[in-house]
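Next come two complexes, and both contain chain A; in the first it sits with chain B, in the second with chain C.
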Partner chain A sequence: MIGVELVKMLRRPRTWVTIGLLNGLPTLVAILLALTDLGPRPGTGPAFLSAVLSDGTLFPLAALAIVLPFFLPIAVAVVAGDSVAGEAQAGTLRYVLTRPVGRTHLLFAKLVSVIAFVLLAVLVVAATGYVVGTLLLGDQPLASSVSGTSLTPAQVTGRTVLSILYVVLSMLGVAAIALFLSTTTDSALGAALGALAVLVASSVLFTLDAAAALQPYLPTRYWLAFVDLFRDPILWRDVLRGVLLQIIYVAVFLGASWANFTTKDITS
Partner chain B sequence: MIVTRGLTKRYGAVLAVDDVDLDVRTGDIYGFLGANGSGKTTTVRMLLGLVLATTGKIELFGQAMPHAARSVLPQVGSLVEGPAAYGHLSGRANLSLFDAMGTGGPRRTRRARIDEVLAQVGLTDVGRRAVNAYSLGMRQRLGLAAALLRAPRLLVLDEPTNGLDPQGIREIRELLLQLHAGGTTIFLSSHLLAEVEQMCTRVGVLDRGRLVLQEKLSVLQAPTGRTVVRTPDANRAQALLDGRLERRDGSRLLVRGADAAEVNALLVGGGVRVDELGAERRSLEQVVLAATEGAVPGSVTP
Partner chain C sequence: MTPVRRWLLVALGVCVLVLTPTAIRSLPVADSDVSAADLLQRVQDSASVPYSGYAEAVGGMQLPVSDQFSDLAQLLGERTRLRVWWRAADDWRVDALDITGETDLIRSTDGLVMWEYEAARATYTDDPPVRLPRAADLVPPVLGRLVLGEAVAEEVSRLPAVRVAGREAPGLRLTPADSQTTVDHVDVWVDPDTGLALRVAVYGAGDTPAMTTTFLDLTTQRPAAAQTAFTPPPDAHVDYDEAVDIAAAADRFAPFTAPDRLAGLDRRITPGVGAVGQYGRGVARLIAIPLRDEDADPLREQLLTTTNSRSGRRGVSVTVGPLGLLLTPHAHDRPTWLLAGTVTQRTLSTAARQLADGPELIR
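The block that comes next holds the complex of A and B.
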C-alpha cells in the first residue's frame, strides 16, 4: 500500500507543480541578487542571505530559509490535508477501504507518502539552491558561520544535512495537524486551510508580547532555529526544544488522526 | 452468503436502519429495493464495513463483519453510490492501483486481469485515456471493472446501471446474468423496479429503515387465486358469475377462482364473448407499494 500511495503522489501533476513553484521564489531571489549585487546587510533579511553574495554554496540554506515561513508549510498543508479528505471527496476512499486496505494501514501509507513529499520538496529546493547559488553567485570557499568564524566544507555539509532534517521534522508537525484535520472532514480544502489557520495563528501569537506564556508551545516557534546550527559553537538550546516540540505535535496529532479515522463512519 | 440479525444504525436521533434481518443465499440475484433515503446505502455500507452498525450482527460467507474484513472483502466486489477513480490517471492505471491495494493481486498476472475486466465491461478501447475525459457511463463501467478484479464470489452493486444508455443497461444486465451463471452471487440495490423484476431471483424491500418484505420473486408474482377477464359483455358476465365477482372496472372483471379454463368454459357456455382471460399476477410494483404502505400482503406471502 505504501508503494501505491507513493505512485499516486508521484504521478500526480500537482506534486510537481507545487515543487516547481517552491523553487520559483528562491531562484528569483538568486537572480535578483546576482544582477544587483545588493544583499541585505548582515543581520537583516532572511537568514544567510547576506552571506550568499560571496559564497553561493550557502544558498541552499538561504533558499530553505526563504520558503520555510510560508511556501513550504502551505505546500505541506495542501498535500497532507488532501491525503484522506481528497480521497473522501473523490469517492475513492470507500473503494480503497473495501479492497480491503485496513484503516490504520492506509493512514500509515498516507503518512509515509507525505513524508516522502516533504523530503522530496526540501531536497529539490536545496539542490536547486545549490545549483543556482554556485552558478549565479560567488563560489569562493569562504564558508563562514553566522557568528563570523569560518567553517570547513565538511562542517558546512554536515550542518546542512542537520538543517534539512530539522526542516523536515518541522514540516512533519504541519503534516500531522493537516492529516488529523483531513480525517475529520470530506473537504480537502477545508483540511488544508484549517492547518494553515493554525500556523497563521501561531505566527501571530509569536509576535505578540502578551502571548509570551504561550510562545514556547507554538508550532512555528522554533522553525527558524536551524540557523543556530551555523553558529560557532552550535547553539543547541532552541534546536533541541524545536525537535522535542515537533515530536510532541506529531505524536499527539497522529494519535488523534488514528483514533478518529479508525472509528469513523465512511459516508463519503 | 449475507446474513444480518437486528442490524440497526442510528445517527443521533435518526434511525436510518432499523432491525434489519437480511438473508441472501448463495446463487441469488438479490434485489434490494427501497425509495431514496430508505436506508439502502447505509445498509450496503454496513455490509462492507464502511459504516459501523449501532447494534446487530453481520455475517458474510459465515464470517462476522467488519471483524473479518481482511478475509471477507477480497472475495467481494462492490459499487457503492456511483463509481470513483483518480481522474488524472487512465482507466488502466486506476485498475492497476486498485489491484495493487491491500493484499494485492499477484503483479505477474495483473495485466491479464486488467485486460480481462476491461473487455468484460467493454472499455478495452478507452483504457488508456484519462478518466477525467470519461463520460458518466464509461465511469460506471470502470467502477464495475474495478469490482470485477479478482473474480469476486459476491458482487454488491448499488445502482449499477445509473447513467447508462438503454444499450449500455442491456449490456451490463447481460454481463451480470453471465457472471451469475458462472456462480457469482449478486446483491443488487436499486430503486428501479423494472431492473429488479427482470433480473432478480429474490427481493427485499426496505421502507424507512425497516425490511418490510423479503421473499422469492417467483412467490411474490405467483398467481393470486383470481382470474382476470376482459369482455365486451361485462353485464352479462357479471350476472353469470353471480357472487364470484370481486371487482369490476368497466370491461375488466376480477373473478375468484384460479382455474382460468373453468371460468372461460362457464362464460363461453353462457354466450359471453371473451377478449382476454388469464390468472391474475401481481406486478412487483403492486407488491412493493402494498408492502411499503404498511399493509403486508398476506395473501401473497404464504
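The block that comes next holds the complex of A and C.
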C-alpha cells in the first residue's frame, strides 16, 4: 500500500510541476542578484539573501527562506489536502477501501506519501539553490556565520542539513492539518484552503501584541528559527521549541485524522 | 475501539499537551525573606558578576525620531531579542537578534566593535561616556543597575517572588522620591544569590509598562574568553568611526558645552569636558544635546508631524510614555538643543529657558 501511494505521488505530473514552480522564484532571485549585485536592505529581505552575494553556497538557505513563508506551505497543503479528499472527490475512495487493507493502514500510507513529497520538495529546492547559487554567485573557502565567525565547509554542510530537516518538520505540521481536513470533506480544494486559512490566521496573530499569550502555540511561530542554526554558538532555544511544537501539531492532527477517518461513512 | 473512545483518546491527548505548560507555570514559587534594603544592596553590588543568557526586551514607547538616532526608536518601541555573554564591565558581548540576521556589540579593553551581519560590516569605535541608549542597555542586569544604582533604601519595597528563567526571584519596587521624574515606579526581580536583575519593568503613568526586559535563559558561570573575542570575517567591510552615534559625535565635536546645572539638576560627569550634558540621578535623568541645523531641522519636522506634539516659545515637545523630548527653536547665535529624559515637561521647559537665557558656553 505504501509503495502504491509513493509511486502514485511520483508519477503524478502535478508533483513535478509543483516542485518546478517552487524552484522558479529562488532561481529568478539568484539570476537577478547575479545581474545587479544588489542585496536587500538590512531587515527587509528573506534571511541569508544579503550573504549570498559573496557566498553562493548559502543560497540553499536563502531559497528555503524565500519559499518557506508562502509557496512551500501552499504546495504542501494542496498535496496533503488532496490525499484523502481527492480520492473521495474522484469517487475512488470506496474502491480503494475494497482492497484488503484497514483504514488506519491506508491513512498511514497517505501520510508516508505526503512526508515523501515534503522531503522531496525541500531537498530539490535546497539542491537547486546550491547549484544555482554556486554557479551564479560563486563561493568562498570560509563562510561567515550570522554572528561574524568563520564556518568551515563541513560546518556549513552540517548546519544546512539540520536546516533542511527543520524545514521538513515544519511543513509536516501543515501536512498534518491538511490531512485531517482532507478526512473531513470530499473537497480537496476545501481541505487545502482550510489548512492555508489556519496558517494565515497564525501569521496574523503572530504580529499582534494582544495575542502574545497565544504566540508560543502558533504553527508558524518558529518556522524561521532555522536561521538560529547559523548563529555562533547555535541558539537552540527556538529551534527546539519549533521541533516540539511541530511534533505536537503532527501528533494531534494525525490523531484526529485517525479518529475521524476510521469511523467515517464513505459515500463516494 | 468505538468512535467515541477514539475521539476521547484524541481529546485526552490534546488536554494533556495544552495543560502541561500551564500546570508547570502554576507551580508555587517559594518567596524569600530577604529585606528590600538587602536586595537593593545586592543589585548595586552585582556589577562584577559574570553571566550569559538570552533575554527579551519589549518597549512600548513609539519614539518619533529618524535614522540619525541609530536604532533608538526600535529599541524603545519594539521587541528586541538579546543574547549576552558578560565577563566584566569592559569585556562583554551583546547580540541583538532578528529573523534575518543580528547586530552585535562586542566590548573589550580596546574599545567597541559593532558587527552588522546583513551589511557584512564591522565598525570599531571607542566606548564614549556620552551616547544614546543601545541594545546592551536593555540586558536586565544592566538596566536593573541603571535604575537601582543610585536608589536609597527608603525608595524601595518588596514584591512577591516570581519564577524567571527557572529561578525563584524575589521582587523589588522602586518608587522614586524625586518629583521631577515621570517614572511612576520600577519593578525589578532579582536573583538573590548573585544580585543580578532578572526582570525589569519600567512604568510611567498607567498600568502598562513602558519597557520590560526579562531573562528567559541564564547561566551565572563565567563565559569563555573566546565568546567575547571578535575577529571580522575575511570578506567583511571594516570601518573605524570616531563617534558611535549622534550624541557621542556632538559631545566630541560641537563647539559648545552644556551648563553645570540645568532645571535644578546637577550635571553627572566632569563639567566642561564634553558638549553634551547629562543631568539628574536615579530614574530622573535629562540629557541636553547640541545639534547641527542639518540634524535639528529634519527632527523638528518629524516632531511637528507627531499627533501629540506641542509647539511653543521654548520649542517643540513630545511626550512618549515616561520619556519627554523638547527641541529648542532655531537661533542664530546659539545651538539648537535636544532635551530628552525621564523628567516632566515642566522640567524640560525650564531647561530650555535656562539654555536660551543663560550665558553662551563656548568650548
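Brief remarks follow.
As a working rule, the second predicted complex is superposed on the first by the 263 of 268 C-alpha atoms of A that agree within 3 Å, B and C clash if a C-alpha of one lies under 4 Å from a C-alpha of the other, contacts with A are read in each partner's own complex, and residues count from 1 in each chain.
In this text, contacts are C-beta pairs under 8 Å (C-beta built on N, C-alpha and C of every residue); 3 or more make two chains touch, one makes a residue touch a chain.
Since we're looking at a predicted model, the values are computed, not measured.
Touch counts on chain A: comparing chain C and chain B, the chain ahead is C. Applying the stated contact rule after C-alpha superposition, one finds that A:Thr263 touches each of chain B and chain C. Of the two partner chains placed by the overlay, neither chain B nor chain C lies in contact with A:Val112. In the superposition on chain A, contact is made by A:Arg231 with chain C only, not with chain B. Of the two partner chains, chain B is the only one that A:Arg12 touches; chain C does not reach it. In the superposition on chain A, no contact is made by A:Val200 with either chain B or chain C.
In the superposition on chain A, A:Val124 makes contact with neither chain B nor chain C. When the shared chain is aligned, chain B comes close enough to touch A:Leu97, but chain C does not. Judged by the touch definition given at the top, the superposed model places A:Leu189 against neither chain B nor chain C.
Across the superposed pair, chain B and chain C both touch chain A at residues 263.
The touching residues of chain A, when paired with chain C in their complex, are 39-40, 42-43, 45-51, 54-55, 140, 142, 144, 146-150, 224, 227-228, 231, 235, 237, 248, 251-252, 255-256, 258-259, 262-263. Residues 1, 3-4, 7-8, 11-13, 90-92, 94-102, 263, 265-267 of chain A are the ones touching chain B in the complex.
Interface residues of chain B facing chain A in the complex, by the touch rule stated above, are 45, 48-52, 69-70, 73-74, 76, 78, 80-89, 93, 97-98, 100-103, 143, 146. Taken together, the chain C residues at the contact with chain A in this complex read 3, 6-7, 9-10, 13-14, 17, 54, 83, 95, 97-102, 104, 115-120, 122, 216-217, 230-236.
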